[in-house]
Every structure is written in structure tokens, then in C-alpha cells.
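Here come two complexes built around chain A, the first alongside chain B, the second alongside chain C.
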Partner chain A sequence: MIRKKIGRQSVVFTESPCITGRGNVAGEKEGKGPLGECFDIVLKDDMYGEKSWEKAESKMLKEAMLKAAARAGKTPEDIDVMLSGDLLNQLMSSSFTARDTHIPFLGLYGACSTMTESLLIASVLVDGGYARHVLAGASSHFCTAERQFRMPVEHGNQRPPSAQWTATAAGAVVVSAGEAANLSLKSRVYAESATIGRVIDAGIKDANQMGAAMAPAAVDTLLNHLEDTGRSLDYYDMVVTGDLGYIGKDIMMDLLADAGLNKKMIFTHYDDCGTMLFSKSQDVHGGASGCGCSAAVFTGHLLKQMEQGKIKKLLLMSTGALLSTISPFQGESIPGIAHAVSLEVR
Partner chain B sequence: MEGEKKEIAKAYEKYARQFTPKPDYLGNSIKAFLVGGVICTVSLWFQNRLTAGGMTEKDAGIFVTIALVAAAQLLTGLGVFDVIAKFAGAGVIVPITGFANSMVAPALEYKKEGPVLGVGAKMFSVAGPVLVCGISSAVAVGIIYWLAGRF
Partner chain C sequence: MIRKKIGRQSVVFTESPCITGRGNVAGEKEGKGPLGECFDIVLKDDMYGEKSWEKAESKMLKEAMLKAAARAGKTPEDIDVMLSGDLLNQLMSSSFTARDTHIPFLGLYGACSTMTESLLIASVLVDGGYARHVLAGASSHFCTAERQFRMPVEHGNQRPPSAQWTATAAGAVVVSAGEAANLSLKSRVYAESATIGRVIDAGIKDANQMGAAMAPAAVDTLLNHLEDTGRSLDYYDMVVTGDLGYIGKDIMMDLLADAGLNKKMIFTHYDDCGTMLFSKSQDVHGGASGCGCSAAVFTGHLLKQMEQGKIKKLLLMSTGALLSTISPFQGESIPGIAHAVSLEVR
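Let's turn to the complex of A and B:
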């Protein structure tokens, strides 16, 4: 009876779940980055007219969700399920967004891997015939994440070169059943297969070394995806990880080369959202991180490229560092995770 | 098994370090020295003005401390202290300015959670551990000093 599972960790989608809408909101700093033009809404200030940063993040997620639904030609009433997550305790941003949208809601926590996690589960729900339209998204906010995981924002300190900058951004997509999709779109993006990642912990304990902590999980998921599907890396026009940043990306490339993949192929087919969102002159040290990083780069830049036919086959692999606010103080190392969703234009 | 895990972690950490750029220790130290030095020089000049005006050295010291704390608090509130600290590092964090900032920053941040359970509870979240450890080590050193004086 199991028809859609392949290999050890992967699934194939046989009913052509289609991405019919995308929406995103980015912060001021993100708007000044190299991808600034791609975002639907760029904030003028990080409060977004709200009274707290948490409220601002929630509003960002809601706007991204509504934008995605609008692009799909749907109202919130047409959406069967909303899947979303963020970095805050008890998924504050997502739950409070769901309170306003009134769409049946499943909250997800995958740290910064949440965009791919929500996209993966949305595709499964649609492919299995359990839903016609599913909203999948994720958000993060620099100030909410800083105060929860690190120091108060106005506290004076020096960040080490490996520290990454949590993106203030939110992104969402609508995944629709193939036959329900809007046929007027010129090139349609389909979820084709996916690989559910394992938690890999290489023993990094420094919370300022997230890229290094997550890279082994990304390598594991990618190699397993390629094995399960019997593909080579160059099957994809582009493989993108979520937020490994400059250091994590270098480690990923080195580890992949060690695993026997062609170096030139890695160089031409692989990139990381954490190195794409900001330019180096924006003083973000190790690059971007946060759920919003891959969510905004995927929905703002990569999906746009797919719609324009510049990328035909994409493997999106958001990466998450599954540490808690107390685990580093208990001497725990940082577990990493990465999920992969293969998307293609048909 | 546990030992093996530790060894892998150590090896990976070492491997990851090759990819990690080092902080500019020398440059940061020079900046900290210069900015810290400027703060101390200005403070001393201010103290000398006060004593020249007839104040005792002890009182003048207290006034200078109050001025430094007030200045750091104001700069934190205006949102520029973290910018200065990013440049000067220990130069502004080690003097009492850093201590003032470490109390005002959480006080600002937790205003939304209310005056008692927000500001009141979180104001010492950064400075508290410093106080506890500072006072504890002062007591320990004091006991050693007292014992040493008896023999």
C-alpha cells in the first residue's frame, strides 16, 4: 500500500501539488540587501506600526500569508489548512497569526528549517488528497530572536565573526491540488519529491557557530535525497540550503567534495540563502539566519526565478539548529536538521 | 561510546575552526585602549575641575561616577551605545559605562511586559550574574586577606 515512499527517507508526490501563490515581507535591512527588489513588502521600521516586536513579526507573517493567498486568487475561507512556524517560545507569531486568519492551523517547530518543513507537509496533505489549498509559511524577526536567544538589542557587545544575523522576514506559499490550480499561470511550479531530514549533532557547542552546527545535517539530507531518488547533484539547476551562512556553506562544500561529489559541480549548482540575503558590506558577519531567511529568499527570489523559467529544477533545503534557550547552559551541543523539497517547473 | 562522541566533536570543532575567520584581536585591543583611555582622561579632567572648585576628592569621584553612568544610560536610550560598543568593545564595556548599559538595555527591552514583571524582573538579567559573581569573589578574597593578616 505504501506507494509514495522511496528509499530510506524520501517521498514522491504523484498528484502534482502545485505552488499557486507566494508572498513575503522583509525588514528594512533585508530590503537594502541584494534581493531587496524581490520582496512584496519592505518594512520602513522594524516595529511595522505595532506596539511590540512580537506583534510586528506576527503581522509580517499574516501579510505574507494573505499576499500568497491573494496571488493564488483565494481568500482565507478557501484555504483548508495553514502550516507555519517561527523561532519564538510556543510559536507565538504563528499562533497569533492563526488567531486572526481563522484557518485550521497546525503549528510547526523546525527552527530555521521551518519553511521547508511546512512546504513538505503541505505538499503531503495536498498530494494525499486531504486538502485542496494549504498555506505554508515561516517567519523570524531579528529583535524577537535576539531578546529570546541572546541579549537585549541595545546591549553593547561585539559579535564574533562567526555570528549570524537573524533575518527580519516572513514568507508563505499556497500549495494547491494540481487540478485546482490556476491555469492562467505561464509556468507552474510543482513539488515533485521530498526528503525528511534526520537530526545530526556533530558536537558544536558554540551558539555563535550555527552554520558549522547545521552543515553536517544538510550534507546528510542531501546525500540521502540523492541516493533515495537515484539522482546526481547536477539533476538540479540549483540546490539551496537555508541559512548555513558563509562558514557553513564552505563547510558544506568541503564535506560534499569529501563525500566524492564533483567539486566543480558543487560550485556551480549549490548556494545558500544565508549568503544571498545580505551583502557582505551590511556587516552581518557570518551571513543571514532565521526561519525568515529561507522563507523570504525562496518566496521572493527563487520562486520568481522559477516562474521566469530561469531555474527549472530546484532543491530547497532549509536548515535548522535545534537548540533551546537553556540547552547551551546545560552543556548540550547543538543538534542540526535539514529537510529537502524538490520543485520543478512543468 | 561517550568518549568516541567527544572525540568526534573535538575533531569536528577543530575542522570547523579552519573555516572561521579570527576576530581582529590587535585592532580591537587598540580601539578599546584608545576609547577607554579617552573616557578615563575626560573623567579625570572632570574630577580635577571639581576638586579645583573646592570639592573633596572623594565627593568628586562620586560625581564623576554618576556622570559616567548617566551618560551611558542616555546613550543607551538614544540607541547609540551599542554602536559605540561594537566599535570600542572593552573600552566602554569594562568601565562603569558598560554596567549602566547592561541595566538600561533590558529595562528598555522589557518595558512591554510591564513595570514590575517586565522591567523589574529583567533589569538585572545581564548585570545580576556580574553582581553575584563579583560580590562572591570579593567576599572570598576578603576572607583570604583577613586570614593572611592574622599570621
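Let's turn to the complex of A and C:
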């Protein structure tokens, strides 16, 4: 029985997997942005009392996970599976969080698309009856990402206007089975369907052009989602991509218009987390990026809006640039990917 | 309905997800080992006609995937999802394979445990009715892994006796829904249940002691699997770990005996892919390791034995050392993980 597959790339959740908890931690700069008030914890110092940025990022992810579990009224022992990924080589933050919490762990890597990848698989596990409560999350840290992917921060190199600012942020949700969900929440948010993205390579080779590298993948996933589900863009109150930033968002809107979508509808229904996290005056050039960008904007801002009934139907599409530090030296370009999860207030 | 979860960490598959295709590519040295005859493709040159080892590994994974799909009588267009991971930073091999095949892709990272992680999630997607055909695979390459995790190969540094040899190998399977499975196979292999592992850190800090770092995680997963399913070790014709190697296998056997399992039963029912891929005369010191080790031994040797009816019940437990190149310099040890998938001939 392939009863939960729709169209080419999408799946539908019939057992109402419910988001029962959400948690997030944001860095100092992120806390000063327009969404600063939304976050559970805002760091005063991005070292977070640790001796390295990597350890700080690990601690941020762990705190976001524990906060999400606590909001769901659960302890780590109640959680069946933890799904997580980050940008650090060999998923350092996620592995150490899983080690410290002792929760059965499935490591994921979808670059900055990891938040929707983890949410998608968490929803499958709960919807399919394989788990009662699943933690799904992702994290990133400006300083760990810069030194791994670009230049050591201490180098103080100039960033081109197209460069995006990796968010120092972590976010997590608990996805629970319908009957196991906490009934005291006023508005309950459910995962309704999801679309698994394909890798699309637009031929971009510049690590400072992430938005351009990811936008074609986001367009591909969105168009396939709409086709698979038979919906138009205005079915959703809001469609948000993960971290295309200002340039990527413009490319996305142009490509969607080229594909025949109504320009006004795109303008009123579509936005990008990478343009929401920081204000333009914060000097982040191309906008925000990183796994933590959509993870924190989703768990801090968007889910809160859904709980308050301001957004009823949301399509979350975290976007990832599968940038390797080795492949550009071997003449390869940067492949992009985006996964989509449809969320509904019921 | 949490009807597919059993015990603390395990899930059960009730809709008979079936392995309908398998494919693998092995390196030159692997081809000269005791299992050399089993592999679909044995390389004459580990560059595989490419200009870099990374590109060679990508090509190996892609060929293994295409071979598995072909055995299942499928083209890439017939495959709903591809699940894959490798040891390269940012999953280079897997990302490029997903780009070239255009199959919707979920990237995974469980270090050398990735083969069972991908098989486990593939079985969930098929068993739960979310997909008809899913490709699950993993790859590794001696030269890409050495230069990323240890020393450049050209450096020619001496390897301690405990060091393991990363397999140059890739393996993949197609997991298909029961009713979609190819009926012409004589013996059909089904995924029956699975156990999601926890991260266990034994405090090992030496990147040349992978077996010791992973064995405690393998013991934890195996004991939890047996407890969750109410089975004893002799329920299985064979229990195989991924790549503990000679030292890790000895530690595993000791720890299992300490946990009260019958020593003779351990001796007759348990083995490790890392001790099967090479002969001792091939000078690989601690045995084989790498994602590709269990991926190739499973898809080349073990599944063939199952198809021939020589093994009826197999517990495959790929083992991963979540070794980061950064964390040891920050005083961290190497966390281990192992996932288990129970396979049956029916």
C-alpha cells in the first residue's frame, strides 16, 4: 500500500503528527534583529561560556532540544528518536548533543535544508506509527561556519555584497503522535504533507553566492509540491524558504514568475527567513544563512504566529547549498537542495 | 497509533519491505580479498578514470546505485527517494550522485553506520506507504578518507597496528513495497525490524583506535535490539557489525560475554564485516573500515548468501565512529553509534 505518496516527490500525513514543543537559542547579533523578542534564549556572548565556538554551537543545539522537549512536557527519556544535523564536519554539534542526551539518534546532512529534512523524517516516523515523540532540529554558528567554509574570522577578510551571514542559532521541535499530543495548547500545529527535494545544480561556483546556488532548487521543490498536491500558491498563508537571502529571494521570485505564477500572489504569499532574521542596518550584506536561520525563524517566529492563529497554513522550505570545501578546487559547482513541509493549524 | 514501535529503540516492519536490487563497486585491493568474487565491479585503478579520488568515489557510489536499480528492473525515474551518505565533508559523493541521477534525495550522516541508517529509513518509507522504491547506499574511499581524517596518502606515514584500512567500496540496495517487488527472485529478502542506535562515547581519543571507539555502541544497540524484540542471539543465523575490525571485534565479544551472553553462541553467530573484506596477508593491520565496508560486504556477500538460502535471518549492524577532525584538538573523544536492521528470507 503506497497510500501516503502523492505525485512524484510528495508524501501526505494522515495521522496528524503534531508539533507539541519548540525551542531555540539565538546569538547576540540575531537577538538584536527584528525577531529578537521571539527567541527563548539570546546569547550575550557567542562563546556561550564554552572554550570553543564548536562547543558553543553544540550547547546551543542541546539547549534548543531540551527547551523543545520541556515545552512538550517531556524529558529526554520520553523522546523516541532525535533527528538533527548541522554544518560542522561530521555533524559535531548534533553528535555531541545526541551523546549528552542519550536519545536514539539519526544524523542528517542537507546543509541549510536540514531543518525541513529533520521535520520531514520526524513526521514520517510519527505519522507511520514508528515513534511517539521525535525531536527534530538543526544549528549553525557564524564563527564555526566561516572558518570551516570560507576564511578564519580572525583574518578579517572583506566580504562581497552577495555574501550571506551564517546565523548563530539553533532550533528544534518535538513532533508527537496525534493521541500523544499535549491537549492544553490552544492552536495545534500539524504536519500535513511534505515534498522531498531533488539536487539541482545551477552551476554556481562562488561560495559567496549561496542564494543563487539554492534558488533553482527551491523553485523546483515548490513547483513540484504545488503540482503533486494540486494546489496554487495562495493555498498557503505563507510560503517561506530557508536562507536564500535578498539576492536569492529575488531570483526565486523571478523564476516563479517565469514559471507562470501570479506576480502579485508571489509578492503577498512568499518570503524568506534569510531576509527576516536581520535588519538591513545590521550590515549582513546578502542576508542570513545557515541551518540555524530557518530553524530559529521557524521555531521562534513562525510557529508562534501559527499558535496565535495569525498563520493557518505554512509551507516551510529550508534550502541547502551542498557546498564542499574540496569540490570547488576540483572544478565542481555548488549543488542546491530544498525540502518542503506543509504545516496547518487545526 | 504507535503500532510499529517495539521496546525503547526498535521499530517493526509489518508491510514486508523487500530488497529487490543490490549493487556494489569495490577497489582493486578489495577485489583481491577473500570476497573479491562477490562484487559487481572491481576497479583496476582506484582513480576509476577520474581526475580526483573524490570524483572516483562519487562515480563508484553512482555505479552501485545504478546497478542496484538495474537489478530491481528499475530506472532512476522509477525510484521515489535516494538515501545516502559518505565520509567526505558535506557528503560530496552522495550529493553529486543525487545531482546526476535526479532522484529526490535525503542526505544522511552516521559515519560508517550509514549503510544501516539508510536501509532503516528506506524500510520505514516503504513500510509506511510513503514510497514504492527507495535506493539506500553508502560509500568510502581509502585515499579520500585518509587525507581528510588522518594524513595525506603521499606523506607515507607509518600506521600503527590498531589502524584500520578504509575500504574503497560502495554499496546500495533498492527497498521496494511488498506488492511492487520483483516476483522473479527465488529467495526474497525482507526488512523485518530495526533498532535506532544511541551515541555512546567510550572516551577513545585516538583516530587509529576506531574499533575500540565503536564497539561499546554496537554492544548497546545489539543488547537493546535483543531486549526490544525478546530474542536471543541465536534467533539470527548471523549477526554482523560493520567495521569494528580485529580489535573491535574482540572487544565486542568480550563485552557481550560480560553482559551474560553465551560465549559459544557469540563465537558461532557473530562476525564483523571489517574482518571479512581483507585477508590478514593483505597488510591492513586492524582490518577494514569505512561506510563502504559494510555496504559492499552486505550487498556483495551477505545478501547473495541470503538469496541462496545459506543465511535466513541476518542482523546487520553497521557501526560508526563520529570522528571529527576538529574535536580531538578541543579535547573531545570519539563518539560511536550503531544501527541494526533485521533481515529475513521468506
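Everything that follows uses one rule, which is that the second predicted complex is superposed on the first by the 346 of 346 C-alpha atoms of A that agree within 3 Å, B and C clash if a C-alpha of one lies under 4 Å from a C-alpha of the other, contacts with A are read in each partner's own complex, and residues count from 1 in each chain.
As a working rule, a contact is a pair of C-beta atoms (placed from the backbone, for glycine too) under 8 Å apart; a residue touches a chain by one contact, two chains touch by 3 or more.
Computed from a predicted structure; not experimentally measured.
Of the two partner chains, chain C is the only one touched by A:S327; chain B is not. Look at A:Y130: by the touch rule set out above, it reaches chain C but stays clear of chain B. In the superposed model, A:S52 lies in contact with both chain B and chain C.
Once the two complexes are overlaid on the shared chain, A:P335 sits against chain C while remaining clear of chain B.
After overlaying the two complexes on the shared chain, residue contacts for A:H102 are found with chain C alone; chain B is out of touch. Once the two complexes are overlaid on the shared chain, A:G203 sits against chain B while remaining clear of chain C.
Judged by the touch definition given at the top, the superposed model places A:A172 against neither chain B nor chain C.
Contacts of A:H155 after superposition on the shared chain: chain B is touched, whereas chain C is not.
The partner that reaches more residues of chain A, of the two candidates chain B and chain C, is C. Residue contacts after overlaying the shared chain place A:C291 against neither chain B nor chain C. Looking at chain A, you'll find residues 51-52 touch chain B in one structure and chain C in the other.
Across the complex, chain B is touched by residues 51-52, 147, 151-162, 202-205, 209, 212, 216, 247, 250-251, 254, 333 of chain A.
By the touch criterion given at the top, residues 5-6, 8-10, 12-13, 15-16, 19-23, 28, 76, 79, 81-82, 84-86, 89, 92-93, 98, 101-102, 104-106, 108-110, 112, 125-126 of chain B touch chain A in their complex. Note for the complex: chain C touches chain A at residues 1-5, 8-9, 11, 15, 51-52, 54-55, 80-81, 85, 88-92, 95-96, 98-99, 102-111, 117, 120-121, 124-125, 127-132, 177, 179-180, 196-201, 322-327, 330, 332, 335, 337, 339.
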